[in-house]
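Note that chain A is present in both complexes that follow, paired respectively with chain B and with chain C.
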Partner chain A sequence: MSRLDQLGLSRNAMLWLLLFVVTFVLAQVSKDLAKEMDARWLMKVPRDLRIPMRGDISDFMSWLVESASFGLFTFTELTRSISWLIEQPYDFVRALVIEGFVRGQGNEAVQVLPSLSWLAVAFVVAAMGHYAGSWRLAIFVGLCFLYLAVFGQWDSAMITLSSILIAVPFGVGGGLLLGIAGYRWPWFDRLMTPVLDLMQTVPIFAYLVPILFLFGFGPVSALIATVIYAMPPMVRVTTLALHNVPSEIREFGKMVGCTRRQMTWRVLVPSALPSLMVGVNQVIMLSLNMVIIASMIGAGGLGYDVLTSLRRLDIGAGLEAGVAIVVLAIALDRLSQAFANRPPPEHSERQLNAMQRHPWLVTCLAVILGTGLVGLLLPAVQQYPAGAEITTGAFWENLVRWINVNFFDQLEASKTFMLVNFMVPVKRFLLGLPWPWVLVLITFAGWQLGGFRLALLCCALTLFILVNGLWAKAMVTVYLCGVSVIIACIIGIPIGVLAAENDRANRIVQAFIDTLQTLPSFVYLIPVVMLFRVGDFSAMIAIILYALAPAVRYAAHGIRSIDPQLIEAGIVSGCTRRQLLMRIKLPLALPEIMLGINQTIMLALSMLVITALVGTRDLGQEVYIALTKADTGRGIVAGVSVACIAIIADRLIAAAAQRKKRRLGLA
Partner chain B sequence: MQPKPVKLACRNVWKLFGEGADRLLAARPHPELSEIHAAGLIGAVRDANIEIREGEIFVIMGLSGSGKSTLVRCLSRLIEPTAGEILFDGQDLLRASEQEMIELRRHKMGMVFQHFALLPHLSVLQNVSFPLDVQGVPRAEREAAARDVIELVGLKGRESYFPRELSGGQQQRVGIARSLAVKPELWFLDEPFSALDPLIRREMQDEFLRLQSVLHKTIVFITHDFEEAIRLADRIGIMKDGEVIQVASPEELVLSPANDYVAEFTKHIPRAKVLTVGSIMQPGPPTDEVAGEVSAAARIEDVADRVEASDQPHAVIDEDGAVVGSIGGQAVVDVLVGRGAPR
Partner chain C sequence: MANAGVKGVVLGLALGLGVAGAAAADVESKDPIKLTLHDWTGQLITTKMMGEVLKKAGYNVEYVQADYIAQFAGLKTGDLHVAMEIWETTGRDAMDEATATGRVENLGETGMMAIEEWWYPTYMKERCPGLPNWEALNDCAEEFATPETDPNGRYLGGPVTWGGFDDERAEALELDFEVVHAGTDAALFAELESAYQRQAPILLWVYAPHWAPIKYEGEWIEFPEYTADCYNDPEWGVNPDMAYDCGKPRGPIWKVSWSGVKDKWPGAHSAIKAFRVSNDEMGAMVAAVDLDGEDLDAVVADWMANNEDTWKGWIGQ
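On to the complex of A and B.
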């Protein structure tokens, strides 16, 4: 039996080796071969095969906007009323934190009430920090906001913040309702899961195109994009959290005669609250990420500052705004995590009056009122004095110039080395492959790893890219994603292993990774462009930085979650540390590491599209062009193509990991 | 003594888990276990028939997987039985509408859960008054009622605590108080003490008996612990593989187990804890001079010391004080050491 197994395994390995060799040879010769045989269709997808999907989609969208009607009202009226609905609270919040309440239009406008003073905002945030966590957190977030004021980023940061303040309640509320619906009606859940899957794999830019088309340029469409982008995790978290409420609690609710509504709102949701807060944290961070990116369709704020300075190649201003985004992101993350981890309430013996029960609320109101009144006399209290602002732009500018002057040769050499020896060969290899062979190969992989259905799925998704005439761009996408993921894994997995082996390393790595993950993807572009200018190499570095976290995290988790008995068995058998790692830990952690690679690929693909800003020539660029031209069909088709690549990679790796797990007896 | 009226009865109740359970029961009203397995179903409750009388403690005892938890959930209709009738005061619960069920549960039933099922975000007082809150009882009224039951279970002074600040035993006291807040007629307890340490468990059993001596509820009590069942029950239903294999008083179970399975449980139970004086006495008036009187309903355990220490037998009297027999030291010793035990 075991000999047969061995034979089977090696036969399998032989098969893959053979396929690889054939592929490699094909990549080298097929271009010439095709020329020789006069069969150019092998390399380039013939025009007859293409289906003009993007035109159809664009036409459909135009029809929607121009002439679609639901009888009582037209489609345009519907989108306008949605805009109006979102605009009201947005205007209110914006007036509250930044612009002040005014009456009248344009030059006639008279300020009725000033906005919250910068001191009041910083104080409220610090108070929230203390309420949710500790004095340390209060001081930390207070300082973060002080930083924004002192370094002259206040106004932009408040615009960004007001977008988040609106997007988060919509995202959380909508996610909660959809999640509850999914919990209550299994058919709804089944319907929603593939939609959520798609929403999370379609790159962010692709959302922007149709939204731009339907809602126009401006903060409202940015908000809609943000809500759509940030909602899916909340839906999932809600459904999962409700399912995880102990069955006894549910039975208790039934036994005391709760109606369905009481059951949901008074028993299930409060019981699941700690888990739901994790979802809220995710919504906040995703909203921030998206609000920054949505500056392309008019969100304004810090993202807009970064975008304009990137376009002007104004290094100093870009980095300043970038650092402000980082500061804001970290402050929001720590704050919302503190709320999520807030210990449950404790009893108190005394009867308290309203002021004693809500000391912070009262103090905050007092500070808001106080600074508001003083601010009328003393403008510095109302608005941080421009004269006292410190600008770091020149410092960053000089730093980057200094690096570029003194290390130009080294930077350039490393860039050229990577390009010539690694990136270009991979690119040539992928672009040299005839498309029918790739189609066969992917389908075969699906069949081998997951059976007939997976094969069919892989084949269909590949065909989608083919018939839309995006083959070459898809291959460039795969190349850029592939090289980034390989390097991210080469760096990330050893770090993860180290973190799992060494507690001190673990603490440092965890803090580093946590911070990396809270940063909006946009931020990664800034330093890369400063140092390496535009091009594939810069894109690759940005992708690696963004996608590194899961490779590290899953590797560490995989090794840490190995059954300690197995490791003890290894020690008792006299393994050296090295043998322990190579023979026991790594093989057993392999399925988990594969899932980490899977996540790395997903993040890499989502970042890839954003790197279109630094001049890549892949599907991301296609989406970006569509965005600038408001060409809905083009954007959606390219976006879905990226999603196709993501889904193929996801399903194949998940199937492989599952197989591996089963073979190890872990599943 | 006239038996009390039946409060809750289940007749031919079946619960099969899996696809096509209805079809199987429609085709064959009494399938064998092997047929159920062959159809790919799980027979959690098979043809259960029990009657629970007003004011009695009815214990359903069985090992894990015997279907006892499923049966109690059928009785309260937390799980919809596949077939059968559940009669509560003569009304078939399975025909009740959702609205009727809500009303019944709000006013007539209470349930205590194995893992307490307290709401973590509410204080003790809020937890206990929650069932009344759901019914829309005004705040002052429901909190007064809640304070009463909190005092009844001995948690006075802890009203403002939150569940995680309490020990397991205290948490279950809150669970008990909460289930009593609506003054239910029917009280379900699903392994209420199984999650507690043995010492606390014993204390809680005493507490439970004390409460019942005050409240006289109709109780369905689930346990996997035979000793607990013996200690608490007026009558016990023993379940195995979804079937109720015997329903009897603790004494009857020990004296005449229906089969080897039941006998296996009773074998390890000290007989003195179960048998009453009446079951081993010499009937008829005492022949010799007697040293004193013992009640026929007393457990041997409680009188053994006294009877054994005396050279002369004791007279046995019934509830009305009439002498119905006698019991000597030898008979008690026989029971204590398990010799020649009456079968």
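On to the complex of A and C.
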């Protein structure tokens, strides 16, 4: 036995330690070294090595928009007819819930039929709550919608709701079909995986411009962008759920002689339904995350209210509109979860009439008709009276002002401390590294953790960033996300552990992180800027707030899903609570916690474009600049670079978690 | 009860038709003209003014929310028709690129002049008596410093996409200031609001017409006046080796349209061309909405009532 082993260090750990020391030294000296040796190419990727692709992508795009043709019709005509198809149901829903049915266009429009009254909409939603769950749920969602009316968010909320009502079926339907295809043909699954990765990691701003070109201006483009962003989890969940259908059920299907189609739609999909509803839930939540960005390209609704209020620095109004999004999200989330967990209906032998068979349907129709007719006489029934709306705007504004006036110096001091002692050194370290060494290091890490193929992938993705001349910006990105993820984990993992140990804390924590994830980040970005000024620190706070949730969730889940027998074994052998936590629970939960860190990184990267709004100088800013200049190629190249970083991080951490699991005997 | 409801519907229909009938003057096409709305109040007012005037002329008008730069994609294809505010200072490149394709037409100036310059709140004059002269900036750079920039002063510039050559300006005029870029104008004015609440030092990019110079008391820095030579010719100005040793250009705010507007709605085309409003008029209206909290449509309606002769001239009545 060598001395190293006695020290408790494996050979592997020694190797990593050595690599880290080399990297650290290189970061300190290589800038001067490069100057000394007249080898500037070490620090800056030489121009000859660059193969910029953005011009080609832009050219391809303009060809696609202007001259691509299938003979009978052009490509643009094809995409335009798709948007026309999507527009029809969208217009219908919008007319139904808010605008009313009209004849004619523009200011000549004449209302033929009023929209559903606010009472009717709230009642229908509450009825759905009862149908899917319980009276409690019905009252809860009813109150959520009442909140929207009382706080004067009704009209915007209904516009947002109608885009969600269209985007979600498209996302779910498309995801389901692609998922089934992936289940049937493994080659299709392999083809889809990288595409899905890209869909989830390329910032939306990057492909907004091409979508506008192809699908025209307005809510439809926003809908399509929403669907692209919200669909991937549905595809993944579908494939996974179908694979997990117990083989007994499949064999039973074969025994009764199902055709392939019957097998899919009558056997597999119904029995995978509970898992599929998890995907539906994800699609709803992600669609609501897109509300702000969709409003930038003409979707209107609550997202637009948030944006305009904050441009006026009306923090209170922005917050109220933001909270309305949260309320809408929570109501829809609870509803869809209730539908997922609904017990199968009981079949009754008795003959029933239509009224008895569909009590809720009939009542809803009656309420819709009733309130519609009464609404013609009593406007308050049709539209919530403006006089009865309340607002808390002034309170929030005064709160921020009070903090600003009284505590600014303390905040400033702590910010300076963080900057000087933590953020700036990390930034120097990363920007001081010579690029060939980073390339070697990442490739080597891939090889160590996942073998030859992972090494190849890591190397190729890093090269993509290199040849496109985005190296420095990518490093700033890694720095900003890196420090945010570290802090998010330091805060989030202990909270997660606490939530797992204590039920009461759990409920509070859950509500808190649900709110953080659905509240549009723009809402807290502006107060953060007021208190911490424009700069990396404000960006970091925004990223931490947004990316905290998975660190908490996965840590809690990891601890809760430990085999209770292992914990009992610990108690029997006389562990204290502390030992139980440090020696048994945490190590066993580690693979799960690592997956949480992985998700934290993904969310941090997806916040980049938003933090560009407070003036960072990273890939997110590059994407944002490309958007404002309508430069398709530039946006896509920068967006794909963000995706490259995300995929490298994802694959490396997943491989490490897998190894850890195997070593713990969990896999 | 049901009978009353039916009556209501009939009444509603009749009212609707009546309104439509009144506005039906002779126009070239009844298709709606789509005007774009962005996310700042001044633009909303300009657009609503134009829209209301077009309605009076009998045109069918529709307002569409769109992003300031991304809208050019829609203007080129004819999805959108009219954009009422393209600023010389921030939208010139995108506008030139679009008009060069021949599918977007520049309909001339709105009459408003965009001012963009370094700006400070009045209370800073006590700490730095030489202001607004730019040469005083170096004497009190430390007054404007923050821990990150010390001993240099901190100047908060606009988003990188706005251009403006502030980094170059600071270098050419040898100002001891570090230029920090805000990502959006919301962030820009959030910092101003924060500093103003505390009466703390701040120097930043402010533009007009906007509510900020109305809400906060302050002044523009007086740089050497802009000329084209200053930007192109290094020899010009105090620094013989560098360009940009002067203030920012002040330029008009333009109106643009899809080039098909001229053929489809010639009357509207000339009305939009004739549209003019001054900085002062616009500033007052923006303040009424953003600072006094008045309803935007009501403010526009007021203007329509008080300036009947003006807008009737645009539509040739």
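FYI, the second predicted complex is superposed on the first by the 600 of 667 C-alpha atoms of A that agree within 3 Å, B and C clash if a C-alpha of one lies under 4 Å from a C-alpha of the other, contacts with A are read in each partner's own complex, and residues count from 1 in each chain.
FYI, a contact is a pair of C-beta atoms (placed from the backbone, for glycine too) under 8 Å apart; a residue touches a chain by one contact, two chains touch by 3 or more.
Predicted model, so just to flag it, every value in this text is computed and none were measured.
Once the two complexes are laid over each other on the shared chain, residue contacts for A:A612 go to chain C alone; chain B is not touched.
Within the superposed three-chain model, A:P52 lies out of touch with both chain B and chain C [touch as defined at top].
By the document's definition of touching, of the two partners only chain B reaches A:Q262; chain C does not. Applying the stated contact rule after C-alpha superposition, one finds that A:G100 touches neither chain B nor chain C. In the superposition on chain A, A:G173 makes contact with neither chain B nor chain C.
Of the two partner chains placed around the shared chain by superposition, neither chain B nor chain C is touched by A:P89. Once chain A of one complex is fitted onto chain A of the other, the partner contacts of A:T416 are limited to chain C, with no touch recorded for chain B. One of chain B and chain C touches more residues of chain A, and that partner is C.
Contacts from chain A toward chain C in the complex involve residues 104-108, 110-112, 208-209, 212-213, 216-218, 295-300, 304, 307-308, 310-313, 372-374, 376-377, 401, 404-405, 408, 412, 416, 419, 525-527, 529-531, 533-535, 611-617, 621, 624-625, 627-630. On the side of chain B, the complex with chain A involves touching residues 73, 76, 78, 101-107, 109-111, 113-117, 119-123, 130-131, 134-135, 160-162, 164-165, 182, 188. Contact residues of chain A toward chain B in the complex are 246, 248-249, 251-252, 254-259, 262, 266-267, 270-271, 273, 344-349.
Contacts from chain C toward chain A in the complex involve residues 1-2, 4-5, 8-9, 12-13, 16-17, 20, 23-24, 30-33, 39-41, 55, 60-62, 64-74, 77, 79-80, 93-94, 146-148, 156, 159-161, 180-191, 193-194, 197-198, 200, 211, 290.
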